[in-house]
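There are two complexes below, and they share chain A, which is joined by chain B in the first and by chain C in the second.
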Partner chain A sequence: MKLPAVSILIIFFLLPPVSSHAQVEAPRPVAAHGQVHTEMIRIPAGKFQPFLLAADQKHERHVAAFLLGQHAVTNAEFLQFVKANPQWRRSSVPRLFADNNYLSQWAGDENIGNAAIRRSPVTNISWFAANAYCKWLGKRLPSLDEWEYAAAARPENADPGADLSRIILGWYDHPTPAILPAVESTYRNTLGLWDMHGLIWEWVDDFNSVMLQGGNFYCAAGSAGTANKADYAAYMRYAFRESLQATYTVGSLGFRCAQDIK
Partner chain B sequence: MKKILTIGAITIGMIASSCHGKQLATNRISCCPPTGTTAPVTIATTLQAQSSIYQLPGKWTDEHNQSLELRDLKGKVRVIAMIFTHCTYACPRLVQDMKAIADSLPAAEKNKVGFVLVSFDAQRDDPAQLARFASQQGLDDHWTLLHGDPRQIRELSMVLNVKYQDAGDNTYTHSNAILILDKQGSVIRSLEGLEAQTSVADNEINRLVNR
Partner chain C sequence: MKKSSSSKRILQPTAVLLLAGFAISVITACNQAGGTKPAPNDTATVIGEYTADLTHAPFVPVARNYPKTEKVIVNIEVVEKVMKLSDGVTYTFWTFGGTVPGPFIRVQEGDEVELHLSNNPNNKMPHNIDLHAVNGPGGGAEATLTVPGHTSTFSFRVLNPGLYVYHCATAPVGMHIANGMYGLIQVEPRGGLPKVDKEFYLMQGEFYTKGKNGAPGLQPFDMDKAIKEQPEYVVFNGAVGAASGNNALRANVGDHIRLYIGNGGPNLASSFHVIGQIFDTVFQEGGSEANHNVATTLIPAGGAAIVEFTCKEPGTYSIVDHSIFRAFNQGALAQLVVAGNADKVVYSGKISDELYQPGGAVATQEPADPAAPDLPLAERFKQGQQLFEMNCSSCHQSTGLGMPGAIPPLAKSDFLMKRSDEGIGILLNGINNEPITVNGNHFQGVMPKLSLSDDQIANILTYVRNSWGNKSLVVQEKQVKKARNQ
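Presenting the complex of A and B:
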């Protein structure tokens, strides 16, 4: 299938809903995090070649060791967060922090409804909601570089000749299923991370660092070049990120948390 | 995924057809180049009055080393931009454009409008450096310069819809926008690009001051 990249950029134009005013507080720390326990995998330090390069950037960047969630945050896990932080309920969240599609797959404010999606990745969440969830657990969203670096690891049981970008493009070829499969249902990579490709897109902390267009948008660096023009899958990810705003919620966009190593 | 693509394709169709007529009434950046201009497009986007950005929690420090929260900016119309003081290219232009707006305000409005610069550079733009910059640039007490931690800076960029990237070596690649906030802190207008739009800003400020 040929994907018109431009149409991805067009989500940019989808209008957000009319707003309502509400006051929101920072998520309050909660001692008991219920059943929220996701195994954190240690990602060793290493070098990484970013797909997009600003004109004055080094071609290789160093990523320090960090921890990354073994799988994406599930609906059931996110429900614990919403219960502990009612300002993040579907009916309470201010439009500043999420559009009106937020958690639209749930049956109610604190009710997932469909039991089949409890262990599926939570989607239809804004960057602000993902950011708040990770903060609540004393964690953070991974940076774009961290995520790309960790996601570049090969499937642990891949054939020696298998090409990761082919696997990813195969996923892009299929529509998002009405009911997302559970986490840990696609593949585990050599780092021990599940579903880095093939299940959902994932928010990264600095998704708004992606600037693909040239022109008068830039300060110092001028337009960005791509390190590997053949990596169409990476181009798709970056184009998708560029098209997002922090309030957007998308049915195939979820997240996982990262953490510094103390 | 496919759903997004389909929606995208439909949307582009709608936008393409509406580009021939009147300017799109949208609160996103319009795809339609303003008629009659060939220069790089300066986009003045009217943003629908949404929720106040003063809902963002967190303490900032100004150039006088005073601690404040964003909600302390409430009550005045605010003109705000994100910059870093070591920027040699775009940021001086942004500050110049904001100064031009400040200088063009009628006397009756001057004390009802505040100008805010927020730095991307949490490391080097400490309050002392911000004070130096304010003095170099001749910024008077209508200006507030803010230093925050990297988390807060990223969150603020999200509500202002300013894109930026730490390009290494303490330089930042960023989109150039001057935002006009109403007295409650809702982003009312985003002036994007590097061309002074003083009269557009003046009209908007005048409307908001008297609202």
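Presenting the complex of A and C:
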């Protein structure tokens, strides 16, 4: 395994406890956050075939039922989090938890500025920040398997022959717009989830668990071990996740929260 | 910055040590770089440092030719942006340095290259760079995988002289290359290449768009066509017409020319050829072996070649992929315009054109056509369409759009529609390299004088002047006759 991956794993083991200490008090009940009430959709248990397989993985993966946010977390929602947790302000966040571009689309520490992006997904947030937000609400980030499973659902009302990868590749084909569109602006899938593709990339809890290029990737162009070699859209999601570290922030990368079913 | 300077910084606290350190490091450096034989890996001490001048195609940085091994800083930014692929056709290119191909990097054998790859924060994709000049895993790809808004740095020694392709190698690799992520790095042999008058940088690549060649608007990438290796566009320097017409390469009679040609692919090998030139020297595959007197050289995808020739005659020379439908139907056409005086001994031009009658048959006089009847527009239009397809469409295209940079459009052509002679003169006489301007674009080329009857010319012009958005009256045979007799 290549060195950065090792160091990320080490960070994973070492830092989350630190960050949860840094991250205010214990999670409060959801009801305490009046302004932040993204509807959670129940995702039924099921099986799916992951795009990329580690050597010891079974081809079909089982995903237990869970809850997933109907849409990505917005700038307005994230502002509530920052107001309640000043250590996550742009000017206070330690570089250990987010790089220099953290919330760089905002006008100030507790000021989004541009009203046009209030309902747009919050981007330029690190894995640590996304993780802290979800914990603040008593939730968590979805796992890679959960996210991929939920995102594989077809758009509702889609033509029978409609191809999900067309939506995804269509997004890749266009440059990032100056103003990121609002959530619920692309499509809703048959599970009731909005914008799973075509709006932003999304953090998952274990974003770096499957290594696309570790070892012999370049000789095999990453094709060894893929379930579907023509699924270029999936290649790109995995390549993107792999290029990340937990402190990184990217203008097209946001998140949504998940929750266990009690 | 010299190595001694860094010693200086470290030893700053003590003046005595500073001087001692300075002296020692200079002496060491001289000994290692000058006297001794290079180690197997030729990792001689680096003397000096500079930031590389990078150029965008068709330009090539000036060779610096220095006696020692230097450290060269190369800064490249990856930008995803919409640019023109052809007239009326745009594409979201993924670029090194904002252009296709990426910047030309020129370093010298033995140099230590420190490469900084920045991924523009507005980009969506992670990117990296695999330089074929690198000895090491992935050619630098693993070391440079970079998320938007970050910069990766790695360094390598260029141990092998030659001309090499670099490209993005982030999954899915084929798509990153198909979107334009490639360029050339020239590792100059010690002592440099012989001096020439002009050097140019051309790089071939093909594009797989959802819409067919010429379909307007922002065209998405088509994965199926890429897998089948059936591109819609094959171009030099990232767009149809990027190195022809107003953008043509220019030289003078007597100039020694050196072309650095790369092939980014992603799929096709190029049958590289300059129509009407013979390469005095070809460094095939960008290697060290010189081949001489070659007209067409093969350049593999992900490969390169250096070709050298001398411009002996003035004129416009087409630079093509001699897999020839790519040149005339898909855009693989660049031009070299050579100015100067003609040498009739080297090339006479057409000396004569006489009637050829095998068997000595007497040419039958065309019967004098007593009447040139006026026909309705619909009839001439129908006949004209067939004649156009047979005689004109291979160049001007069935769409009437021509080929940007090479063949002028007929559709909504101000040049054609504003003429007082309805275009009759063009068909009667052809066009012989006279520069013309059509809808603001400049063209210079030859349209042959075709052997068409007056009736046929009237039909073709009626069709052309009433198709693709053009609208005018019918052109009658008697108008053509009148013009011919003037």
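Keep in mind that, in the parts below, the second predicted complex is superposed on the first by the 220 of 262 C-alpha atoms of A that agree within 3 Å, B and C clash if a C-alpha of one lies under 4 Å from a C-alpha of the other, contacts with A are read in each partner's own complex, and residues count from 1 in each chain.
Just so it is clear, contacts are C-beta pairs under 8 Å (C-beta built on N, C-alpha and C of every residue); 3 or more make two chains touch, one makes a residue touch a chain.
As the structure is a computational prediction, the values presented were derived from the model and not from experiment.
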item	value
First (chain B), second (chain C), both or neither touched by A:Asn208	first
First, second, both or neither for A:Tyr232, with chain B first and chain C second	second
Partner chain in contact with A:Ala115 - chain B first, chain C second, else both or neither	neither
First, second, both or neither for A:Pro175, with chain B first and chain C second	both
Which superposed partner A:Asn101 touches (first chain B, second chain C, both, neither)	second
When both partners are placed on the shared chain, which of chain B and chain C touches more of chain A	B
First (chain B), second (chain C), both or neither touched by A:Val250	both
Overlap of chain C and chain B interfaces on chain A (superposed complexes)	172, 174-176, 217-218, 221, 250-252
Parts of chain A lying in touch with chain C, wherever the complex brings them together	2, 99, 101, 169-176, 201, 212-213, 217-218, 221-222, 230, 232, 235-236, 238-240, 242-244, 248-252
Chain B - residues contacting chain A, complex	1-5, 7-9, 11-12, 15, 26-29, 31, 40-42, 48-53, 55, 57-58, 87-91, 151, 154-155, 157-159, 161-168, 171-176, 193-194
Complex interface listing, chain A residues touching chain B	3-4, 6-16, 18-26, 54, 56-58, 61, 94-97, 127-128, 131, 140, 172, 174-176, 205-206, 208-211, 215-221, 224, 245-246, 250-252
List of chain C residues in touch with chain A within their complex	80-82, 92, 121-126, 130, 137-139, 141-142, 145-150, 169-175, 218, 220-221, 223, 227
